[in-house]
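Structures are listed in the sections that come next.
Look at the two complexes coming up: subunit A is in both, with subunit B in one and subunit C in the other.
Right, the complex of A and B next:
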């Protein structure tokens, strides 16, 4: 945003601007609130999004990385070449890169990190990202070659994940409490249960950070989060948990509210193997019974983009299929009659802790009762949800936001918790994995979205928004969350 | 006396042993796999198996129980599943917040409750007594988290005298820490002070109607003198019992207040660990709290015996 501003400003006003800046130097420290505290700081051995929220781009970097708009840009690899058969990726690494402990970054570190992630005893939560790799070869200290078993159109995308960052063998033993990366900030200290402090890395190889110090403060309770922002204990709060308070911040000139998008498709998942939900007509009836806007208004206070399939609406390949499942209780009842099921249908509906699930669940349950489906609501904790609903598949309906980027591929796995098994869809996914031509990939992705919408696998609700509250004088925060991150490298105070 | 002490000691050991089994079993039956929680929805079977192996989750329940107990006996609390740091260190960090908070709240509540209770007792039935009884009734009835939020609204958001929560750590200085603990301590102290003041008042009134107080009055002491010199001491025993109970409650039971003020205390550690299925931490912290309560009870029982010779005869 600075660039745009400077470009518009004339030479004289630019001078005046720098003169006024010299008088009152802008602040260089920032306290960022976030709801969850990371369990430890190794993004390569746990799924906890809170780890990436602190470390991604700030402490650790990968070969490629996500920009705020979701595009893939070079990271530690400044350029790459892909062989014609799509099997070999040769990465040219950035020069003069050092880890925070002063050791050099080179191709050996890349090999170490990728080999560690795909090793047999690897504890990487996204081991699937590395599955196609058959070999990582060090060509010279600045060049590394990755060989794949089969062409993989999303390989560069995969390497941008927080789980694929480059770590050093010298510091791997203590990574969980003292993370050593190559990023623009280095880890300073951790007051457990309260905050983590990062300081600027003066020897950063790329564009240096503008802030000298960033403190992440962990405030889990939504009311406490509201109070902390209002009292200006924190100057920004990422993924603000109380959407009902946003209008109040919006009206206050001290603050600004950023409403962006995440990769989270929020769905009412249906157990496709559990009768009578194995009947597509019953699932279609559920889709028509649910009033998306009512859920968005009631559970999210209006924040959230309706979706009609399992795909992020901000993605260029998104197809708007919401019309296939518009709110129509009469049609839903007719469909149930057509399906010949006996009413009422009793079904177990598990709801994990986030408010979109708990509040949304009540609204959806009421809508389903209208058409003769009687959900028995069961509130569960995350650990319980993972064990009984996700792994045990002991559920009829559940509400969940699938926050992984580009995860439509989960529908190709018949063992995935909603147990959708379609040869047609699996065929499309197989083609997609081998396809590297962008136009054809786009076509296949659209086809995939349509298949799951036509099969009414799940009822698609809305894209989870990213709500950020910040001091009005802060610029450069990520508006969208292509991955769970709070990239502080470009953040600065205007005064 | 020795026999009495030994008896109490045996009952202490038995309580601890029973508690350890109950805690372990209660946590065993909780559904939820720590490894699955840590690795999330995209975890592959082989990764899960590798992690379970690393964490020692593959062992049988009996093996895990015995290694936990053997560790505890040697002062080893084990290593947290999710944080991967020694549980003892985590507890030590949290105790640095919870213990000062509990002491702070207890001091506040005593400082408020004693004068209020004594004053009310000495003005029995008069407007001062009625007013204090009314206020303490309110103090018991008001949920402390609501009162806490109200204070945040007034003192943090409007007046900006205090931050809305958080704990700077003792490195930041004693004053900064005391300041951070002030609002939470007041919120915790309010209901405790109310209860304590009421107990103080009724215990004093009971004592005031005893024979020895009447004798003191007959000697020519004023009501106030008799209260201060004779009744107060005797009225303190039930009050001290309540203070003891309140202290163990404050140590572990501040969880809601810790959430409101996002303080990194023991209560929140338990809460977080339960939801992340960090079983080792839950078991060890709960066991520690049980230990604290049992030891306090033990000390109180010994103290009773010291005060009351009838108990020493051995029941």
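Right, the complex of A and C next:
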């Protein structure tokens, strides 16, 4: 009796002890799972989104930055003034900012970064962001002036991209393996093929990070990702690759599921130069053959918003054009007949690894067979897709999510992989780039959306959701992905 | 005529006796039944399947097994039983052609090497076989499909190439011992060329070995096809394949386990059936084993 009592008392005090410990100090480490490993860690010289996912806001900062809701907020520039003609931006830089290697951050670094990005031999993946800049002048160490050739309504937006972060000339040589930025976390270690570890930057100039240590763990296989989250090997997983598993996480009190939106317009891209798809009627037929809801239900298990044009539905200028390409196989057949093509049409359909493409491809292929188009499915890996489909343009159909924000401008480039060439659309884009008046810009953007929908350039499927699974006790993760990022600066454990 | 027991069919091996033995071999009976079930399923699928698998019905996805769908439905709402029946076709076709390629090239090579035993030609053929044998077969199959693009045809060729040395070695070793026999000597004395002897006298006498090995290779072929399809290098959608069905079900195994169980069982039972059948056949065809059991 006494013995049992003692044992119980012991257990109770142990419980009390652990409870008080937990109260005293919430966890300060976090292992974040993500699917793709970055090829290197320089966001200013590669398009790979995985680089931004690790470095954006955590290691590197830009003059401005994206907030979780997609708005533009000050970054290293604490304020700015725009001249009346819209050509001069004067940025006032934050004070007391140091790079992780101890060197000071000042206007020279800004000039270096922007000049490097817009240089002739720059390896920047988004050189278009810097195209309008004619000069970057250092006024004093805390002030920098950027002069543009023409007014650009989206300049501050452009400066928030991961491709426009500020780097230091002192550490640029080794940036790919040892990134040195100004962010709230410092790079510590990279175990190739496994994980990258960041630690808190104690000398951060802004509000310090709440976590002491963040580990990004790379798990490419969806099944392994599921197992890792279930076993709590990773405490959060950004852009979870298997939507079919989400209901299980949702039902489990240990986890929470965040369903946000990304900038990813998921489309069935059509090679506009490849006969018979150079005929708008054939492309329209494809658009009517596809049942968007079926693709969303079958490939994404219901997660996704239908779109009718290449534009994010959460954007205020979005026009709902889904009605122009509603599911109507009879109309599709009639259109093919009108086009006078001989059926069946054999076409190569390349599918990259994500499940929206692989599963969506099978669903769309079955729908296209109904109207007499026979897609030959070819499942390819990313490297192969980039090589043959994206650069080589050797495809008829492919499924892909365009995750860059506000990327409708790609339709103005006739060399882009789907090879849409329309003088009308290019004209609208030229006008848009010069226009600074918000109302007129909005009008032009709407017009642009309508042109590509009318030309049935591609079959528009759905907006890719951002599915994040996290431990229920973690707060502060981004719900939406205005850019590819896993901003850890505001993340904390509640206990 | 030196030893009638080995040069001639033993007196007890009448056709009746062979069938009797066959039915007494439990392995052979179980193996043949399993194999027949899958061959039958594949054949029936040409004329009839419970549901049309080219039609997707997303609204009926991932249903558990029921009276209307005996094995449930997959993530596209297709009937899994129908998928397995049509998938059997893919598996069997790949295995038949792969074993066929192996026999077509391997057997003549083996016969040729045996006919010229000890010569340079023998060395060249057998060392080339050793070379192919030295590579891990599935790895080379992955290389071939990765180079020439993933498709069922490339999978067949890849698997077939690795069957060549298997049959070449087997044929050669079987033929070598036969070449020492008196009936071959008789044939040579009567003036037959070695090519003719190989095909008229040697080949019929190694057929037993080939059938047994063929059965085993057949099951390995099915397994290899499933493996290649699983990693996405075999038959491409919409052609159903057991391996790909498994791959598709992988992330859903905790919500819809039937999607993995049935194709998994199909592979297991077919491979098991073929192996049992191969074992049983060997028991019957091998005179040494046969005497000890009879």
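We adopt the following convention: the second predicted complex is superposed on the first by the 471 of 495 C-alpha atoms of A that agree within 3 Å, B and C clash if a C-alpha of one lies under 4 Å from a C-alpha of the other, contacts with A are read in each partner's own complex, and residues count from 1 in each chain.
Basically, contacts are C-beta pairs under 8 Å (C-beta built on N, C-alpha and C of every residue); 3 or more make two chains touch, one makes a residue touch a chain.
What you see is a predicted model; the values in this text were computed from it and never measured.
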* Clash or fit: subunit B and subunit C on subunit A? -> fit
* Between subunit B (first) and subunit C (second), which does A:122 come into contact with in this model arrangement: first, second, both, or neither? -> first
* Classify the contacts of A:388 with the two partner chains as first (subunit B alone), second (subunit C alone), both, or neither. => first
* Touching A:58, do we find subunit B (first), subunit C (second), both, or neither? -> neither
* Check whether A:266 is in contact with subunit B, with subunit C, with both or with neither, and answer first, second, both or neither. => neither
* To do: Quick one: classify A:152 as touching subunit B (first), subunit C (second), both or neither.
  => neither
* To do: Please indicate which partner A:369 is in contact with in the superposed arrangement: first for subunit B, second for subunit C, both, or neither.
  => second
* To do: May I ask you to decide whether A:223 touches subunit B, subunit C, both, or neither, giving the answer as first, second, both or neither?
  => both
* Structure fact -> Of subunit B and subunit C, the partner touching more residues of subunit A is B
* To do: Please indicate which partner A:300 is in contact with in the superposed arrangement: first for subunit B, second for subunit C, both, or neither.
  => neither
* Structure fact -> Smallest Cα to Cα distance in angstrom from subunit B to subunit C after superposition equals 7
* Shared subunit A surface residues [contacts with subunit B and with subunit C] -> 223
* Asked: What part of subunit A is in contact with subunit C in the complex they form?
  -> 222-223, 226, 242, 244-245, 247-248, 294, 297-298, 355, 359, 361-363, 365-367, 369, 376-379
* Structure fact -> In their shared complex, subunit A is touched by residues of subunit C numbered 54-56, 58-59, 61, 75-77, 149-150, 232, 236-238, 250-255
* Structure fact -> Seen from subunit A, its contact residues with subunit B in the complex are 37, 39-40, 46-48, 120-128, 176-177, 191-195, 217-221, 223-224, 227-228, 230-233, 353, 381-384, 386-388, 390-391, 402, 404
* To do: Spell out the part of subunit B that touches subunit A in their complex, as residue ranges.
  => 30-34, 36-44, 46-47, 50-51, 54, 82-85, 90, 93-94, 97, 149, 152-153, 156-157, 160, 163-169, 259-265, 268-269, 272, 274-277
